[in-house]
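For clarity, chains are labelled A, B, C and D in written order, and residue numbers in each chain start from 1.
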Amino acid sequence: MAPRFLSRLFSSRKEELGALAEGLLSERGEASGVARARELLDAYTGASAEVKLQFLTLLSDRFGADPKQIDEAIANYVVDPGPELAAQLHAAAEPRLQELLRRLNLAPGGTQVLVRMREDVLRKVAGHPELRRIDADFKHLFVSWFNRGFLVLRRIDWSTPASILEKIIQYEAVHEISGWMELRARLNPPDRKCFAFFHPTLADEPLIFVEVALTRAIPESIAPLLEASRLPIDPKRATTAVFYSISNCQAGLQGVSFGNFLIKQVVEELRRELPHLKTFVTLSPVPGFAHWLARDAKAVLAQEEIEVAKAIEQPGWYGAPDAERVLRPVLSKAIATYLLSAKHSSGKPRDPVARFHLNNGARLEKVNWLGDLSPKGLREAAGFMVNYVYDLDNIEKNHEEFAHNRAVAASRNVRNLLRAKPQATGTS
Amino acid sequence: MAPRFLSRLFSSRKEELGALAEGLLSERGEASGVARARELLDAYTGASAEVKLQFLTLLSDRFGADPKQIDEAIANYVVDPGPELAAQLHAAAEPRLQELLRRLNLAPGGTQVLVRMREDVLRKVAGHPELRRIDADFKHLFVSWFNRGFLVLRRIDWSTPASILEKIIQYEAVHEISGWMELRARLNPPDRKCFAFFHPTLADEPLIFVEVALTRAIPESIAPLLEASRLPIDPKRATTAVFYSISNCQAGLQGVSFGNFLIKQVVEELRRELPHLKTFVTLSPVPGFAHWLARDAKAVLAQEEIEVAKAIEQPGWYGAPDAERVLRPVLSKAIATYLLSAKHSSGKPRDPVARFHLNNGARLEKVNWLGDLSPKGLREAAGFMVNYVYDLDNIEKNHEEFAHNRAVAASRNVRNLLRAKPQATGTS
Amino acid sequence: MAPRFLSRLFSSRKEELGALAEGLLSERGEASGVARARELLDAYTGASAEVKLQFLTLLSDRFGADPKQIDEAIANYVVDPGPELAAQLHAAAEPRLQELLRRLNLAPGGTQVLVRMREDVLRKVAGHPELRRIDADFKHLFVSWFNRGFLVLRRIDWSTPASILEKIIQYEAVHEISGWMELRARLNPPDRKCFAFFHPTLADEPLIFVEVALTRAIPESIAPLLEASRLPIDPKRATTAVFYSISNCQAGLQGVSFGNFLIKQVVEELRRELPHLKTFVTLSPVPGFAHWLARDAKAVLAQEEIEVAKAIEQPGWYGAPDAERVLRPVLSKAIATYLLSAKHSSGKPRDPVARFHLNNGARLEKVNWLGDLSPKGLREAAGFMVNYVYDLDNIEKNHEEFAHNRAVAASRNVRNLLRAKPQATGTS
Amino acid sequence: MAPRFLSRLFSSRKEELGALAEGLLSERGEASGVARARELLDAYTGASAEVKLQFLTLLSDRFGADPKQIDEAIANYVVDPGPELAAQLHAAAEPRLQELLRRLNLAPGGTQVLVRMREDVLRKVAGHPELRRIDADFKHLFVSWFNRGFLVLRRIDWSTPASILEKIIQYEAVHEISGWMELRARLNPPDRKCFAFFHPTLADEPLIFVEVALTRAIPESIAPLLEASRLPIDPKRATTAVFYSISNCQAGLQGVSFGNFLIKQVVEELRRELPHLKTFVTLSPVPGFAHWLARDAKAVLAQEEIEVAKAIEQPGWYGAPDAERVLRPVLSKAIATYLLSAKHSSGKPRDPVARFHLNNGARLEKVNWLGDLSPKGLREAAGFMVNYVYDLDNIEKNHEEFAHNRAVAASRNVRNLLRAKPQATGTS
């Protein structure tokens, strides 16, 4: 087909979708709202990527607030400021897209399609900045719809439907699950737990899940936890619950925060079920360390330390005879520096995982040398892993300090690492 | 206690609640949001009616939008109007109460308390007009949270938990259910159905329910439908589904419309289950007829007709020998006039039940003389009942005509009643 | 219709059922077993009481073991006694009815009809002793089918389906429930529990249920437990679980014992849920006391005591001024004598409730004067009630002593009552 | 350890189990029956294979009927034969093991252990013929307990718990499932169904399951049905339901027949759900054909045919240029002969799959050349597969003819194969 014809075709498909959207919105009353919403959602789902993008752009162009109404509302407000006219102003400034999204949600299964639609928005927004404003509308509604009060916590175990379990395999973002036997090893032993949040209208789609290992000590590396042939312990003898993987599942719900609520509710569930548990701790990756070390560490570390640290560019560096003696103190100091001092533009820590747990009120407890020797662990964090402790008595205080003063709660142990002096590398 | 002391006490309780609300809102991040929301909701639930009212007033006074932010947003917008600054204006004009309500909803069971809170608002708003603006905030959120896409249709029958059934007894608003045996007679026979909408977070609280009788003809009066000793028919032989009672359950969800969606989904369910059903019809009360007849009918009826109609002020009037011959035509003309011509300030019919069904796209089918001889039926509607037909092929058209042009879809039969001439009352 | 014609008609219906039974049994292989079983069960269910009786008699006459096969099996066995030929003998002596019942059970819902069928047998067996042998066949199978391993314990509370709750009202055999509000008062308060055994194929039919009150002391009378307006206590503060009513539901399962298993499993459930509970005790009726006192007590009580005890024939006797001083010791001695010494033909206690709990291993703990002033309580037990304690550490020993030596486990308190001397009745 | 010591140890373990069994049985009343049953079952489960065998032998030796009681019952019966004394005889001849098994079943989870115990019996019975009689006792009870009336049909699909699905993989006996992706391909497409029978006390253990393909024609070979990349069809367009795999899951329930009931109930379910289905047919293996052909065919086939058929001993024989022309008619005649004439000692067909379906009332419809080229299909059946049709109108008649007269219902098409003459093998 000739391009011109194609563009006309697309344009007409786009216009068709646009007309459906206008129809749904203009509909006074709601006699056939469900059916029309269904129709539009089906048409969108079936459309090509190109038509979808055009439709999203059309939403951005045409479904904002009406400038005339805004002007009028402003004119009224400035004459007689007060809550009534503020409410009118608020209504006038609401993008029409928000009402459109609410009406699309009338259709059974609509929520799911809208979440997918925002996924499309997010995938395209980098190249199409005009989509940013409709993204804000989606997010505004999703924050309200996926409010924690509407979420349901469910256990995930070996008696969970396969249709949900395959999503656990698919969505695991921290330590990849390579198949069903590996999944079974993570879910079925009595000293392993998994919990997920679900939303009633997305019944078979987990929103976020956390994998927990019950242990008798704070673990220092990931491999023993994932070891297929390990012997499970009796959960009643466990003292420690380790959150070793936490994964968001729905790209379309980006920015709607679940993780904080999930961890805290899981702590409550576990304490009820296993009152002997004393310690709630993560075993977490440090995804930004290696990048920071290579690029930005020179501003804060000694030249000599930088030189020593370059060893990690060699494959198998951690097996070198003096790695423990020479490299470990330098890298440990470096990672402590990274976690305690390297800042994001918000003034919070630069490492996203640290930011998440510290913001939840956890404490940076321990830095683990050679905690993750997987290719990803070596590449991103020079093999380090970190424990963050959720100490219920201090969570609120830690969070407040972090939120207000950007103060990082960290153990003495971690702080002490900052003071290490590099060892001589030679032996003579 | 002396009033002054009392007012100080109350004031301090109120301030306590107010401080909790500010704390929940100011909380940067959300480390203890769930716990704080729980605390505030519990404090509210346990408070006296007086403290509740003071707290609601406080919400109205202090949790609107911030005028400074609005002024600033207006100033920015007028310089550079466009979607980005419109979005800022929208955000600035959003009452802080909306975010507060979203945060209160974090707590498990929060939604239920918020619905009760709005019940309190609605009970007090008549005497406290300043509550009107917080009512709007509640409603705005509830419309979004109780969007039809989140509702679940469930059958109510004799195997439903008693804890739900007692609410059916309690909430039945049209034809009172006097006890469990009467409830059983409405739910258990094979030719009776009942459906309700539930929201996942209010799992044991129906939002709205409809009672359905399966029959072989459009019924003309309610008594035979409710007759305890009647023999049920085989539902497969039924041709007609009669919606004879529809009740909203949650005063706190006033203005969030469910009825339209409920009826249409029930029609779909019944058609799937019983493909022989051809007619979907209501047997409805006419709650405003008697009041209109007594007060406002003289403008449109002949004086002579008004005089005749006064007979209904006598107890037992419908048993009089010439009631059928003399009264029936006059009252039938009157009720047809009321339904077709008496208007509400919106331009829609004055009768609220008529307004509801016509707005859904139903057609006014038939007026039933002596359809409901219960005290309430006689008092409110001179014993009349009405059938509205849901004809799926015409629902959308009817609704459009009604929404745009205020056109009432009515059968020829009903229209013809308007032309009746009063009979001579004497016999000589 | 003339009797002769009638009897011919009945006879033909009976023969029809008989032929269906033979057909079902003779069927080699099972190609249409389910359908034929269904047909026979439907025909039986729809038959008149007279035809049912005739059919049951036919089963008794024609579905015993085959004498020829028995003779042959005996002849073989006596020549070469041993397990193989004993097995043949066993098979030959099995009534054909047992296989018929197993085949009838192929049909969905068959178990329920068979239970009803045995109800019919039991109702008729007094006048038709030939039904006794088929009763034994039913019972033999039911003992196997309703084995404790197949039963499911379920809580009954206010969220139980109404269709099950109405059976609780109907089957309550100890303290009548007069309606739904009374049922609610028994099930809904937090210090009240109810548990029932169900069988998977009789999903909506409880087999037996027990009602439990949580209290802070062993109760001495029933009225305060049933008091509608009482204030519930916090179950966590309860020390005592009182089994105050236990009712079998299925007449057709007579002789299949559930009660013992139910009480013990409920004790386990309650201990798990409420570890503070220390005492598990009944508040039980003494249904045979008054009858024994009137008829058989003279053999063991002094003539003087008998005379005093006659006071209970007067209405309101318990309100008399000296009832406490004069009557109480005499009647208490009498009831202790009844419970400890009056024997059934089996050598076990004559009182059926005592027999049940003592056989379960409970201990007779206390006799309660004026424990039940309901008409039934006064009529059957002169107002007395009894507590039996389930003390888990001694249950097995008590049971053994009871089963082997007919020894009644009783507290010193109850034994001491035997020694009371009657008080002078005069005032001087 | 020295053998002598060992045997003493084992003997004492065995005696311990034996004493537990006697204790459970002798227990008059049942005060602690559940606990004792639990103890014995746990002890058995934890015992070594050797102790298990000894215990089973002990059961066989000591838990038969009591010869003295039998003698007495015989003596009574012969004096006064009649149903009462026949019942006594029946009771006396019942092996004590049956009551022991019923008591063991009191314990929660007991049924499952008893099924495993019979598995042990069946594994050992070949070398220990004395176990045959206890096997009969197990089977007698299991036939009653696993009566079709107690079974529950459940769909197996991709939303079934993984813990059940892994058993489907494990138990599939006809066409092996190599992993989860293959399982998904069998369960998840809309034109594939799977159904299983469950027993309420073995909730996570399927007893038997059948896999069904919905197609538009009777299939002639298995490979296209199992093809991972095939496109599914719309089930509403299917005309044919193909039962292509049916697997028993519990070795311990051998001889308790489920398959017949399963197929017929699945036919009913499918007809209700998909009224357009017209044909219900199997695609079945012929497991005994190759063995019969090699050993026993010479009695009924011509020497020339036998010679031709020997070609199948060469790997890849079916790819030979003249296989279709020369081999097909000979082998087709041979397999028709095998299915129609080769008999088992019971007079029924020698092929076990044929016996099963014909006994259910199915008709031998078609013989499929090169229907299964898997190693197993080639080895056991020279690549042939067979279709049996379940034609509901004729099932009962077919079954009767088969049960009474050993008549094989077969299509004309299959019968005609018997008349084929071998083709010349040469090329000229």
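By definition in this document, a residue touches a chain if its C-beta (ideal position, glycine included) is under 8 Å from a C-beta of that chain, and two chains touch if they have at least 3 such contacts.
The structure displayed is predicted, hence computed values, not measured ones.
Look at where the CA atoms of subunit A average out and do the same for subunit B: the two points lie 41 Å apart. In terms of their C-alpha centroids, the spacing between subunit A and subunit D amounts to 51 Å.
Inter-chain spacing, taken between the CA centroids of subunit A and subunit C, is 60 Å.
None of the residues of subunit B touches two or more other chains. Taken as a graph of touching chains, this assembly is arranged as a ring, one closed cycle with exactly two partners per chain. Contact between chains, as defined at the top, is found for A-B, A-D, B-C, C-D. Against subunit D, in their complex, subunit C makes its touches with residues 27-34, 60, 64-65, 67, 70-71, 74, 77-78, 81, 83-84, 86-87, 89-90, 93-95, 102, 105-108, 110-111, 133, 136, 141, 143-145, 147-150, 152, 200-201, 257, 260-261, 264, 359-361, 395-396, 398-400, 402-404. Chain contact summary for the complex, subunit D toward subunit A: residues 158-163, 165-166, 179-180, 184, 204.
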